[in-house]
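Dropping the structures in below, format is C-alpha cells.
Two complexes are shown next, each including subunit A; its partner changes from subunit B in the first to subunit C in the second.
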Partner chain A sequence: MIVKDAVCPFCGCLCDDIEVEVEVESGRVVGVTNACDLGATKFLGGERLKTPIRREGKTWKEISYDEAIRYAAEMLLDAERPLLYGWSGTHGEAQCVGVHMAELVRGVIDNTSSVCHGPSVLAIQEVGHPGCTLGVVKNRADVVIYWGSNPIDAHPRHLSRYTCYAEGFFLENSFRDRKVIVVDVRKTRTANIADEFVMVRPGGDYAVLSALRAIVRGKTDTIPPTVAGVTRDQLIRVADLCLNAKFGAVYFGLGLTMIPGKNKNVRNAIELVTELNRHTKFTISAMRGHYNVYGSNEVNTWMTGYPFAIDFSRGIAFYNPGETTAVDILARKECDAALIVGSDPAAHFPRKCIEHLAEIPVVQLDPYPNATTAFCSVQIPVAVTGVDAEGTAYRMDGVPIRTKKVVSSDYLSDEDVLTRMYVLMQEALKR
Partner chain B sequence: MKFLMNTGRTVNQGVTVENKGSAEYAREASTCFMHGFDMLELGVDDGDPVLVRGPAGEVVMRAEASVEVEIGTVFVPYGPYANHILAADTRSTGMPDFKSHEVEIEPTDEEPKSVYGLMEDLGGLAYDR
Partner chain C sequence: MTELLVKNAHVIDPLSGINGETMDIAIRDGKIVEEVSAAADVIDARGMLTMPGGIDSHTHICGTKVNFGRYMSPEDMRAGRTPRRGPMHATSGYSVPTTYGNSYRYSVMGYTTLLEGAMAPLEARHTHEEFAYTPLQDTMANTLFDGNWSIMEAIRDGDVKRVAAIIAWMLTAVKGFAVKLTNPGGTEAWQWGKNVSCIRDPVPYFEVTPAEIIRSAIEANELLHLPHSVHLHCNNLGTPGNYTCTLGSMGLVPDLNPKRQTLYATHVQFHAYGGSGWKDFSSKSEPIANLVNMRPQIVMDMGQVMFGRTTTMTADGPMEFNLYRLHHEKWSNHDVELETGSGIIPVIYRRKNLVNSIMWAIGLELALLTKSPWQCLLTTDNPNGAPFVKYPEIIGLLMSRRYRDAEFAKVHPDTGSRVPLPAIDREMDWYEIAVMTRAGQARALGIQDLGKGHLAPGADADVAIYPIRIDEVDPSAEFQKVIDGFSRTEYTIKRGRVVARRGECVVHGSNATIWVRPKVSENYDMGKDPDFVEKFDRYYTVRMSNYPVQENYLSRSRCIETETEL
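And then the complex of A and B:
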C-alpha cells in the first residue's frame, strides 16, 4: 500500500509530498519516496522501546502503561519545582496538554527552542519579524541568503523545494536567475553551491551585518579594508546583490544564535533586512530544526503569552529566559523532577545539566531508547507523530500542517499518555 | 594545542540521531573534524584518538581531516561528546555557547567511550537491550 502526501516529521521543512510504502501484512514501512536521508530514516524507524521501563537500582524492569503513567503523575504532583521540557518532537495537541499540566503543578515548561532559536525569538520580540511563507520565497525570491545555516546537512530539501533548485512562478529560469549567498565560518557543502560565499571569522557575524547595514545606508566610505575577515570589495558586492534584488530572503541558522552576541546577532540581521526594505522587498526567517519546534512556540504563546521558558510557580505565567530556561534551571540544580517529552537533553545539554538529571526523578516520553534513557526513573514509549500517530505541526514558516498516520500500532500517542496523566493529576488534586 | 570548537548538524548525525545506542551515532558524534595542517602539527592521522579538554572536562574523540574547517578551529557534530566538555553558562539567554568554546587538544592512546559509557560517567545507567 502506498500512502501519498505523507508529512515528514523530521525537520522544520515538514515536507508534505512524501510517498510511504507500507507492507500490509506486517504493517511496516518498507519504502519511502521523495524524502531526504533524514526523513526516510525516520519513517523506516529503528528499534523502539517495546514497553514502559522503570529503573530499579542497577537494572531495568518492564512495567505496564498504567503503572508508568501513575508514576509520572505522582512524580509531578510530589515535586516542588518540576521541569517539563522538550515538546518539539511531538504534535500540538500533546503540547497543549503539557501546558495545562505545567500550570496545574506550578512547574516550569520549556521547549527545545531555548537551545536552538530561543535567541531568535528574543530578537523578534525586540524588533519584529519581517517574514513570509516558504511559498512566497519559492515563487518570488531572486536572492537567497543562508547565514550561519547549512541546509544541505540540516534541512536537505529546503534548497530543492523552496530556493536554489525550485521552480519559481515569477522567475523565468529560477536556477539561473536566483542568486544564492552563503555566509558561514566554515566552507560547508551549502557554501560550495553558492554564487557568493562569504567566509566570516568566528564571532564576526555582528560586525559583518553592521558593515552591510552601513553600505546599504550609503556609508560605504566608513568600511575598513576588511571586516571580520571579509574584504570591503566583497561586502560591497553582497550589498549590491541585495539592493538589486527584486525580492530577497534571508534564512539564518544556529550560526547566529549559538555564538557570543546570540539574540543581538539576530537583531542585527533583522535590522539589515529592515534597511533593505527601504530599497526593495526583503524577508528574513529562522531555519527551525525539529519538525514542530515552531509549534511549541506557537502553542505556548497562544496559551500563556510566552513562547518558551514559562514558569508557573507564581500561579501566573512568568517568562525570563536565562532564569526560567531549562539549561539554567538544571545547571542551578533547581528543579526536583523532570518530565521530558519529544527530545533528548542528555545528548544535547552541557554536562552540568545532565549531572543534575542524575540526581532527580525523570520520566521521559519517547519511542526510542536514547541518551536521556540512562537518567530515567521511567520511560514510556509512545507512537511516532507522522508515522503511527497523527497531529498538528507547524512548519518553519508558521504554517500548520496536519501530519498523517501512515501505519497503525499499539503504541499510545504523546497526547494519549499526557491526557491520562493529566486526568490522574486533576483527580488527585480534587481529593 | 588550543582550538576554537564549533558544533553543528551533519547528515550522518541526523540519520543516526534516533538510534543513539548505535556505533554509527557514536562514531559520528565523537568525530573531531580538523584542518589537515593542524593534524600534522599534532602528529595525528585520520581516525586517531585525541583528548579534547574544555571548560567542563575532557573527552576522547577521533580526529578526521576536513577541508571545511579552518586552521585553528575544529568542528564536532552535535551530541553528547561535545556537550561533555561544554560550560553551561547561558549569559542570561538560556542558550549556552555551543558554537564557540576554546578547547585544548592532544593525542591520546585512549579510545572514545560509547554514548552510554559517557552517560554512566555522569551517573546514568545504560539501557542496552
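And then the complex of A and C:
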C-alpha cells in the first residue's frame, strides 16, 4: 500500500509530498519516496522501546502504561518546581495538554527554542518580523541569502522545494534567474552552490550586517577596506544585489543565534531587511529545526501569551528568558522534577544541567532510547507523530499542516498519554 | 433535559420587535422555548436589561496574525494577567489577549458570538485551532480573497461563475464563513513591495482593478446565496483624502439581496478621511454617512478609535508598512502565497495628537450621522481602533451628549475646526444600542435564521442580562452607570447555561463554529478543474490533498449548506 502526500515529521520544512510504502501484512514502512535521507530514516524507524520502563537500581524494569502514567502524575504533583520541557517533536494537540498541565501544577514549561532560536524570538520581540510563507519566496524571489545556515545538510529539501531549484511562477528559469548568497564562517556544502560566498570571521556577523545596513543607507564611504574579513568590494556587491532584487529572502540559522551577540545579531539582520523594504521587497525567516518547534511556540503563545520559557509558579504566566528557561532552571538546581516530551536535552544541554537532571526524578516520553534515557526514572514509549500518530504541526513559516498516520500500532500518542496524566492530576487535586 | 427560566427580565429584542417589555424567558436544552416545566432552574432578573447575547461582526481574535501580535509583544502580555481561578485558565494580554483572555472578557461583557475578521485560507487550520480554545463564544471566520490568483485570473477572463466556484471550493475547504476582501488587489501588489492607490489602479501582472475584484466578488457571493454579503476593507486605509476612494467603492454596489445588505464595509472610520496630507487632515464622516443613508444595500461598522495603547493588525500589509514608517515601532509582515498578506505594529492613540483626536471623532460621527442603527454597527475593529473592552465606553459616548462634550474638551484643541462632532445632538437609546451590538450583526451576517441575535422561541439561548434598570437610569446624565452596566453582566447565558456571573466565568464551555458549504454542480467543482489543480501542484507549497481543514478541528460544527446558481 502506498500512502501519498504524507507529511514528514523531521525538520521545519515539513514536506507534505512524501510517498510512503507500507507492507500490509507486517504493517511496516518499507519504502519512502521524495523524502531526504533524514526524513526517510525517520519514516523507516528503528528499534523502539516495547513498553514503559522504570529504573530500579542499575537495571530497567518493564512496567505498564497505567503504572508509568501514575508515576509521572504523582511526580509532577509532588514537585515544588517542576519543569515540562521539550515539545518540539510532538503534535500541537499534545502541546496544548502540556500547557494545561504546567498551569495546573504551577510549573515551568519551556521548549527547545530556548537552546535554538530563542534569541530570534527575543529579536522579533524588539523589532518585529518581516516574513512570508515559503511559497511567496518560491514564486518570486530572485535573491536568496542563507546566513549562518546550511540547508544542504540540515534542511536538505529547502532548496529544491522552496528556493533555488523550485519552480517559481514569476521566474522563467528558476535556477538561472535566482542569485544565491551564502554567508558563513566556513565553506559549507551550501556555500559551494552560491553565486556569492561571503566568508565572515567567526563572531563578525554583527559587524558585517551593520556594514551592509550602512551601504543600503547610502553611507558607503564609512566602510573600511575589510569588515570581519570581508572586503569592502564584496560588501558593496552584496548590497547592490539586494537593492537590485525584485524580491529578496534571507534564511538564517544557528550561525547567527548561537554565537556571541545572539539576539542582537538577529535584530541587526531584521533591521537590514526592514531597511531594504524601503527600496524593494525583502523578507527574513529563521530555519527552524524540529518539524514542530514553531508549533510549540504558537501553542504556547495563544494559550499563555509567550512563545517559550513560561513560569506558572505564581499562578499567572510569567516570562523571563535567562531566568525561566530550562537551562537556567536546571543550572541553578531549582528544578526538582522534569517531564521531557519530544526532545533529547541530555544530548544538547550544558554538562551542569545534565548533572542536575541526574539528581532528580525525570520522566521522558519518547519512542526510542536516547541520551536522555540514561537520566530517566521512567521512560514511556509513544507513537511517532506523522508515522503511527496524527496531529497538527506548524511549518517553519507558520503554515499549519496535519501530519498523517501512515501505519497503525498499539502505541499511545503523546496526546493520549498526557491526557491520561492530566486527568489523574486533576482528580488528585480535587480530592 | 435541562431547563432554565429567566423571570422578570426587561427585554429589548429588536429582531422580535420587543422594545422594553418585562417578561419571562424559557430555555430548554440550549434553545429558547415557549414554556418550561415547574422543575426548571430559575433566575430572577429583577427587571434588569436583558438582550440577546452580543455579537461582534468584526474582531481579530484568532489565527496567524493575531497570534503573531502576541508572540512579538511580551509587553502587551504583561499588561493584562490573571491567574488560574475556578474553571478559568490563566490569561495574559491587554490589546491582544490570549484565547482564554478574549473569551472570558467578551463573555463577561455578554458577548456570545464572534466573527474573526480575516483568515488566510492557507493558514485556516490555525484559526480553527484557536477557536477551539475560545470556549465561551460561537465563532466564524471571514476568509480572505483579496489577492487570490485563481480568482483574479477568472475575473480577467470575465468568468464570474468561475469566481463563485473558486470561492465555493475554498470556503468549503477551509471551513470559512464569508468572503472578505482586504485592500483588494493591494495585498498581491504588496508581495512586490507595491500597492494600489484606489479602485481603478490595475494589480501588477494580473491586470485587474480593485473595482473589478469588488464587483465580481459581490456577484459571485450572491450566486452562491451566502448568508453574509461581501465583507470589504476598502483600499487606501488610513490615508488623508481616502474618503473619495471609499465613496467610489460604495458606489459600485448594486442592491441585490432583499434579506440583507449587498456590501458590508468594515471599520469605515479608517476610510473617512479628508485633506491632502496630515497637515489639513479632517473628518469626512458626513459624505460617507449621507451616502449610506441613501443606500440600504450597504451596512458598515464603526472601527472606533479609543485613546491608549493597542496593536494594529490587518491583512493590509502595505498599510502596516506605511504606519511603521510613521511610528517607527516594531513591524511584522507576513505575506501568504497566492492569496493575501498581513502586517502588525503596536500603536498609541493620543488625545494630544490632532490626527488621533480627529479619528476618535469620526467613528462616533459615523454612528450618529447614520440614520438607521442597522446600517452602522458598533466595533473598534478590535484591537485596531481599541481593544474590545472599550465597547462600554463607546456605548456611553453614543448615549450621552454630555459625556461626549466632556471627552471632547480633553482632546487636541484644534479638533473642533476639523470635525462635525460638536454640532451633533443625537443621543442613542437602549433599543438602538441593542441593534448596534447584536440584532444588526445577526441580520448583517445572515445568522438570525440560525437562531442568533434574537430571543424568539427556537433561537439559541444566548442571553445577556445587564445590571441596569433602564427605567431608572438616565443615560444622558448617568453615563458612568451605563458604562459599568455594560462592562459586566449579571448573567451571561450561552447555549442555555450560565457561563458568566458578575465578572467571573463559571464553566469551561465549548464553542461551535459556523461555516458554509455552497452546493455546486459537478461542472463547477474546482477540485476537479485541471487549471485549478495545476495551481496547487506547481505554485502552492502545500499539496492540494493536505489543504482542506478536517472537520475534527471544529469542536462543534454548524455547517450552513446553500443552494447556488452554479
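The rule we apply is simple: the second predicted complex is superposed on the first by the 431 of 431 C-alpha atoms of A that agree within 3 Å, B and C clash if a C-alpha of one lies under 4 Å from a C-alpha of the other, contacts with A are read in each partner's own complex, and residues count from 1 in each chain.
In the analysis below, a contact is a pair of C-beta atoms (placed from the backbone, for glycine too) under 8 Å apart; a residue touches a chain by one contact, two chains touch by 3 or more.
Small disclaimer: the values here were computed from a predicted structure and weren't measured.
J.: Going by the contact rule set out at the top, does A:R176 touch subunit B (first), subunit C (second), both, or neither?
T.: neither
J.: Who does A:R431 touch here: subunit B (first), subunit C (second), both, or neither?
T.: Touch partners of A:R431: none, neither subunit B nor subunit C.
J.: Should A:P307 be classified as contacting the first partner (subunit B), the second (subunit C), both, or neither?
T.: second
J.: Should A:T133 be classified as contacting the first partner (subunit B), the second (subunit C), both, or neither?
T.: The answer is second: A:T133 touches subunit C but not subunit B.
J.: Take the contacts of subunit A with subunit B and those with subunit C, and give the residues found in both.
T.: none
J.: Which part of subunit C faces subunit A closely enough to touch in the complex?
T.: 62, 64, 67-68, 70-74, 77-78, 81-84, 89-93, 97-101, 122-123, 125-126, 129-130, 133, 190-193, 205, 321, 324-325, 330-338, 341, 344-345, 538-543, 545-546, 550
J.: Taking the touch rule as given, give the residues of subunit B at its contact with subunit A in the complex, in rising order.
T.: Contact set of subunit B toward subunit A: 4, 6-11, 14-16, 18-21, 29, 56-57, 67-70, 73, 75, 78-80, 83-100, 115-116, 119-120, 122-127, 129.
J.: Enumerate the contact residues on subunit A facing subunit C in the complex.
T.: Answer in residue numbers: 4-5, 7, 16-17, 92, 96, 100, 103-104, 121, 124-136, 138-140, 161-162, 167, 169-170, 246-247, 274, 277-278, 280-281, 283, 297-298, 301-307, 312, 314-317, 319, 392, 394, 398-402.
J.: Inside the complex, what are the residues of subunit A that reach subunit B?
T.: Its residues touching subunit B are 10-11, 37-38, 41-42, 45-47, 53, 55, 58, 60, 110, 114-115, 118-119, 122, 150, 152-154, 156, 185-189, 199, 202-203, 254-255, 257-260, 262-263, 289, 308-309, 321-323, 325-328, 330-331, 344, 346-355, 357-359, 367-371, 373-375, 379.
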